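Before I ask anything, here is the structure I am working with.
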Amino acid sequence: MNLTLKIWRQKDKATPGKFETYDAKDISPDMSFLEMLDVVSERAQANGQEPCAFDHDCREGICGMCSLVINGVPHGPEAATTTCQLHMRKFKDGDNIVIEPWRASAFPVLRDLVVDRSAFDRIQQKGGFVSINTGGTPDGNAIPISKKEADLAMDAASCIGCGACVAACKNASAMLFVGAKVSQYMHLPQGQAERSRRVLAMVEQHDAEGFGACSNFQECEAVCPKEISVRVIAEMNRDYLRAALVGTDA
Amino acid sequence: MSITLDSKTPTGPLAQQWDTHRFNLKLVNPANKRKFKVIVVGTGLAGGSASATLAELGYDVHTFCFQDSPRRAHSIAAQGGINAAKNYQNDGDSVYRLFYDTIKGGDYRARESNVYRLAQVSTSIIDQCVAQGVPFAREYGGNLSNRSFGGAQVSRTFYARGQTGQQLLLGAYSALSRQVGLGTVKMHNRSEMLDLVMVNGHARGIVTRDLVSGKIETFAADAVVLATGGYGNVFFLSTNAIGSNVTATWRAHKRGALFANPCYTQIHPTCIPVSGDHQSKLTLMSESLRNDGRVWVPLEKADVGKDPRQIPEAKRDYYLERIYPAFGNLVPRDIASRAAKRMCDEGRGVGPGGLGVYLDFSDAIKRVGKHVISERYGNLFEMYQRITDESPYEVPMRIYPAVHYAMGGLWVDYNLMSNLPGLHVIGEANFSDHGANRLGASALMQGLADGYFILPYTIGNYLATSGQKKVTGDEPEFKAAVADVQKRVASLLAVKGKRSPSSFHRELGKLMWDNCGMARNAKGLQEALDRIPSLREEFWGNLNVLGDGDSYNVALEKAGRVADFMEFAELLCRDALTREESCGGHFREEYQSETGEAERNDEKFTYVAAWNYTGDVSKPELIKEPLIFEEVHPSTRSYK
Amino acid sequence: MEDAVSQPSPGIGKVISRMHGSTLGQKALMAVSGIALIAFSFGHMAGHLQMFVGAEQYNTYAHFLQSMGGIKWAIRFGLVALTCLHIFSAIQVSMRNRAARPIAYASNKWIVASLGSRTMRASGGIVLFFIGYHILHFTTLTVGTAGFEKIPEYKLINGLLVDDVYRRMVVSFQNPLLALGYIGGVGLLGLHLSHGIQSSLQTLGVLNSAYRPFFKKLGPALAGFLFAGFAIVPLAVLVGIIK
């Protein structure tokens, strides 16, 4: 199949970028989207153009490194699928495809389609953990955890930190990401000791990074490759209000 | 100037060695710990857990990863689970049994003392991860759930859906994040280690390139820990992440660290086959599929192009069940892989290029119903369909083996320190615990054992006893290493030829897969050894890297990694050629029984092959560490 | 387990700064004020529906409200305050949201967001304008009062002479432009609330997995009910059912 690509190119953080158009000829429908970009880059390189930079690593939908807004939708048209697992058979011969980086003031573009997502790391560093050191922990079966709660925790924990929720949100809000982490620990006995402190600190950092507020559009849930439910946002909201009104001052 | 290897293996009864050893290790005074700076390269299970633990102990930790966040490390992709000798299922498991299974599974090519310690600390790992909030699967009663995995006869595998690696890594990442937040770990993302700095014979720092700005920097420390994973991408196509590379360990090797057993590479039998030349990586389908799927190929070559559903039962060859009636479809990874290759070599492979075999669920669906199969494997079936556009509920899956894990790595002693004082190597990057073949669900166990429970003790002994002066990074050794790196970067940019780094990588990978893949022979290996240097020559004469070194340059990153694979590949082939036996993941066609089973040569090859860089990539020196088995007596693995 | 119980409460200053200064606090204030205003709207709608009973009932009701004195002013003040809080937090949140995405996408797509959610700012703004008109119209009698001067005072059964609010309504809505304008205004209110009701519950964390699907339907249903309740009065006047 033959496609026309409009790809965002940007030299670095400081230089303004622009779209450039590429012809993608003889693309196999069995290629993944990133393999298609590999091929296009390889050909461009042969013509003396620097290859387009995009983040990717595991290419099996779990590391969360790949991104790309494809025709207006983060991770492209297939639901519950990361860009690296999206295949070209989801497109038609002759399609125009617009490829853009995640757009958010908290995710500055570093080059072409690569953005800086270290804001997520900083949110995590504020409270996305249980404050225990290595060693001296009780036996794994010492505290029973109901299967239902463990499953709810696991649903939330499956977040891959890709940032598609931010990219899809019209407010560039990261509430699904923060909510997922808060919810995971909320459903586990190990998370209780720091429950208030965690939610307050993580939300505070979320705001400090310049992410927007949640308008409950639910676009994040729709694009999340791991299908994380906006339930986690409601849970975080509840916990935040409880902590802010009656919780600790930590 | 030959090197004598001292494995520092403790003496005395196996079960007490680790305790005795820990007692004999020198400790660092708690007040002095913050004065010791430790560099950790890599943030997978091993690097992430080690960074966090060292920082908790009070060391000044500097951690590096080439990805945009420490949470991306490829440990995240492990699906199946993590082994631990908890015996929660009351089915007769014990530390000794896990030790025995691992030694046997590794085809008697690992150190007993290391493996026993691994089995011992395995139980603490589960406790640690539960306390961190890792959401392991649970039973209705609230206890941890286990499954049997990879042909083990006991249920000792802990799991979190099909995302165990992810959850364990995020656990380590959360511990690491906590320390970064506390200011005890300085995290350097998007930084690639390009060289090791040796001062006065000790590893004292690294040279890195900031992948965003292109800046070459040095970091000085009191000890260096490499946790940089495996080298499977030397085959170009593997289940590794695209970025996984050998550069850090290879650079350390060129500074004097011995590379051990590079020929031990694990091929995983259940991957989605290659669909075309564009393919950039291979996707693993969990081994658990073999619990219900039946593997077959057409009995006759004439049928390979047919719709599998039209091939009648009598014309199918369920070859694993035929050859290995006792274990059937559940034979270990290496055996299943080689059998698939034999079928394809006979011309009975299916799918593009005849490189695939069927994994058929129709009998299982008939037996237990579609909903049960969907419950067990729904996610995997969806993933398969996303990639191949075929539904495994309707059409048999096609699978083919792919490179998955590297058992070989830098040589380390019982303290996980390489032959270079101060250079510690943990996780997949070292060679230590899996021998010639790794059992399913043991990689996660080893990574976390090294990072949480072993290295943090043993590195203290080095720091307490090394007696080295502080370095600042201004020493001539640092300046020389920076100059080397700058020169190498400049020379990659200066070639200005025609071919992209990827095209060389692809060619190298194909050569390696054809000549040094699932089955190897002297002729093929010799051919590879002849061709790799000339390919390397072409690389340095015809490489095309556009752009400059002072900015984000993906082609330059790739070129540097491919350049190191080009050199490493030769060592891998040489090791494979030298090891004239078949063991674990290393199968030499000359050394097999009449029925095609691997034949070890314990008399000549019960040793670790540790290779020393002599200044010429093509002329490494082989140093042998004999393996002594006092507890377990090597026998022939049989799965018939 | 719960640390909140065992640890000291934060000072009131901290509580205020968190509620006022964080995205979640601002959203919560918007939600709480929104819910209060929704509650008022339902009461208001119930009042209007008395138009169907007749002039006596409606004018009695209106007179009752008018004669509340201090309470009336307290309620009015409360409504203004709630509205200001609602608008203030909306502006605060909107400004933050705009700043969060300085560069727009070249291809911008909505995937699942409802029409109501996408138009909150616009519908809210127009509804505010509409409410302003409504107050100027029926409360202060400043605009749209053509024909009001001819309406005599109404004599209740108990003999009391009161403003004939019933007649004012009928006269107003016999003007098709005003009737349709009001229907449009409450239509936008309905649209605003089709998202607002469920959104405020989500923001306050009331929704869990069990309730969410129900409230996802209940929110728009309540909004539709409110719209119907408000719109039916001008409509009934326009088609001559209420004379």
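Per-chain residue numbering starts at 1, and chain names A, B and C are given in the order in which the chains are listed.
The rule we apply is simple: a residue touches a chain if its C-beta (ideal position, glycine included) is under 8 Å from a C-beta of that chain, and two chains touch if they have at least 3 such contacts.
Computed from a prediction, not measured in an experiment: that's the story for all the values here.
Contact count check for A-C and A-B (C-beta pairs in contact): higher for A-B. Chain A has its Cα centroid nearest to the centroid of all protein Cα atoms in the structure.
A straight line joining the Cα centres of chain B and chain C is 62 Å long. Taking each chain's centre as the mean of its C-alpha atoms, chain A lies 37 Å from chain C.
Remark: chain A and chain B have CA centroids separated by 27 Å (rounded to whole angstrom).
Residue ranges of chain A in contact with chain B, taken from their complex: 11-12, 28, 30-32, 34-36, 38-39, 42, 45-46, 48-51, 53, 55-65, 78, 81, 85, 87, 89, 110-111, 114, 116-118, 120-121, 124-126, 128-135, 137-141, 143-147, 150-151, 153-154, 157-158, 160-161, 184-185, 187-188, 190-191.
Here chain A touches chain C in the complex through residues 6, 19, 69, 71-73, 98, 100, 103-106, 168, 170-173, 175, 189, 192-197, 200, 203-204, 206-207, 210-219, 221-223, 229-231, 233-250, going by the rule given at the top. Here chain C touches chain A in the complex through residues 1-4, 7-11, 14-15, 18-19, 21-28, 93, 96-97, 99-113, 117-118, 120, 195, 198-199, 202-209, 212, going by the rule given at the top. Residues 49, 52-53, 56, 67-74, 76-77, 86, 88, 124, 126-144, 160-161, 163, 165-167, 170, 173-175, 177-178, 180-181, 187, 189, 212, 239, 241-243, 275-276, 278-281, 283-284, 383, 386-389, 452-453, 456, 498, 500, 502-503, 544, 546-547, 551-555 of chain B touch chain A in their complex.
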